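I've put the structures underneath this note.
Shared chain: subunit A. Partners: subunit B in the first complex, subunit C in the second.
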Partner chain A sequence: MHSFGYRANALLTFAVTILALICAMASLSDNFNSPSPSSQIQILNINWFQKQPHGNDEISLTMNITADLQSLFTWNTKQVFVFVAAEYETLKNSLNQVSLWDAIIPTKEHAKFWVQTANKYRFVDQGSNLRGKEFNLTLHWHVMPKTGKMFVDKLVMSGFRLPEEYR
Partner chain B sequence: MDWQGQKIAEQLMQIMLIVFAVVAFSVGYVMGSFQMMIQIYAGGVVLTTLVTVPNWPWFNRYFLQWLDPSEAEKHPKPQIQPVNSKKKSVKK
Partner chain C sequence: MGWIGDTVDSIKSIQIRQLLTQAVSLGGYLFLHMSKDPIRAGEIVVFNVDGREIPIVHRVIKVHERQDTGEVEVLTKGDNNYGDDRLLYAQGQLWLQRHHIMGRAVGFLPYVGWVTIIMTEKPIIKYILIGALGLLVITSKD
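Now for the complex of A and B:
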């Protein structure tokens, strides 16, 4: 502590180390949060179901997505990234996941929502396996923190089935 | 700053930063506001800097009596003897 510069340096490094420590504690405090999210997805309409020129099936659908993700938010949450994926099995792949819609939820107030939308991203299969296919719609979320660990989880909603014939 | 002042400044700096960190985290956690935690801690760092880094007079209370220059001349520094270039034989 011999000079101004020496003390300033010591203070700065110690302050930054302690800042790292309290940020780590803030991230650890997220583990005490036990979230209870809920969601429902309804398929309102299959808009069209075609086979593309290259031989891949494509489908367009309109969905009603409701969700209450307010319990995911903590004091250390920056935003929640949420997306809906259609999951199904084919002979070629044991699991296909196709992302249909996503959104960024910036605050807790926005986390309880109802959305009616056509699929934001194209639902295209690797091949033509979609006729009469049973699939799950899964709501995935990534809780992005202000500092520290990101939590990922999902909610699986099963029981959906695609039409037998192209429309 | 004198020696005692340096020790006080260092200890004060460490204690103040830790106290502000604890207060900042507690208030932030209870209020559910990350921003509040950062603001309290940043304010604490600035305050600690103002108190411990500049050479305030209260750090200089134990005034050391440095040796007077005329007194130093009466007691010259011991001269270093030139090294003996011959190798010394090892006595058994």
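Now for the complex of A and C:
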């Protein structure tokens, strides 16, 4: 039973098994990385703050986001997806998370950055609870591997507060 | 590839036919897991929209969780898309609920799915393969 077909089959199975094993080892190597990311977010300006016709509050703001996420990159990192979410509580909702800005960081060199931007996605409440609302701005990052398990973590920055009145 | 997909009950694996983001290139295997943990912003979820046969694998960008019932309403968006997924949802639907979501992506295995994709895109290869296997079975002296 040493036909070409038999040998080809055995070889292919072996190759795929080794491929899976190498992928698993590559993924495991990521566990040895102990990252030390840092970030700061400032709200530069509240551009406007209105109650929309559908009854929900909406706000537009400009932020300054700085971060150093270089320590998240390993040789098994394909890219890092990073986003800033405003998180707050209301009477109706125990948790509201609204993504305000996101970016894809393709390489380690791009991971130390400074960005000044208005919110990319609309900051709309379910209702009109935003006046005087205290909220956190949390920087989340998702490390997407070339192969294996994704790593997710975040940095919570609290102490932000929305204006008392519409403007 | 039964032995790869042959994992714990709660983990399903799904083939990426369309590009999720630049992160998972065509032919990659995406491992899904559905736990009871609440859905949070940033997670990549798989969901079905009524009337569409292919499930969509996108990221959650907004979460609103009710105080009383604990139910969530989420909004998703593909990383590389300009706008959110509201255009993809059913007519008049603004949010996804828990029951729309089938799983969360937790890891990737690249290139593994190429064989199946090639066989689906170019069915002739499927016939050639089956023909060759059939030939092997007939001609092998066991």
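What to note about this one:
Basically, the second predicted complex is superposed on the first by the 166 of 167 C-alpha atoms of A that agree within 3 Å, B and C clash if a C-alpha of one lies under 4 Å from a C-alpha of the other, contacts with A are read in each partner's own complex, and residues count from 1 in each chain.
Just so it is clear, contacts are C-beta pairs under 8 Å (C-beta built on N, C-alpha and C of every residue); 3 or more make two chains touch, one makes a residue touch a chain.
Computed from a predicted structure; not experimentally measured.
Under the clash rule set out above, the superposition-derived model of subunit A with subunit B and subunit C shows the two partners fitting side by side. When both complexes are overlaid on chain A, the residue A:2 reaches subunit B alone and has no touch with subunit C.
In the superposition on chain A, A:126 makes contact with subunit C only, while subunit B stays out of contact range. After overlaying the two complexes on the shared chain, residue contacts for A:146 are found with subunit B and with subunit C alike. Shared-chain residue A:91: touches subunit C; no touch with subunit B. In the superposition on chain A, A:15 makes contact with subunit B only, not with subunit C. Subunit A is touched at more residues by one of its partners, and among subunit B and subunit C that partner is C.
Annotation: superposed on chain A, subunit B and subunit C show a minimal Cα-Cα gap of 11 Å. Taken together, the two structures place residues 1, 19, 146-147 of subunit A in contact with subunit B in one case and with subunit C in the other. On the subunit A side of its complex with subunit C, the touching residues are 1, 3, 5-6, 16, 19-20, 23, 27, 78-79, 81, 83, 85, 91-99, 102, 104, 106, 121, 126, 140, 142, 144-150, 152, 154. Listed in rising order, the residues of subunit B touching subunit A in the complex are 1, 6-7, 9-10, 13-14, 17-18, 21, 24-25, 28-29, 31-34, 37, 41, 45, 48-49, 52-55. Across the interface of their complex, subunit A is touched by residues 1, 4, 21-24, 40-42, 44, 59, 61-67, 70, 73, 77, 79, 84, 105-110, 112, 136, 139-142 of subunit C. Residue ranges on subunit A touching subunit B, taken from their complex, read 1-2, 4, 7-8, 10-11, 14-15, 18-19, 21-22, 25-26, 29, 74-76, 146-147.
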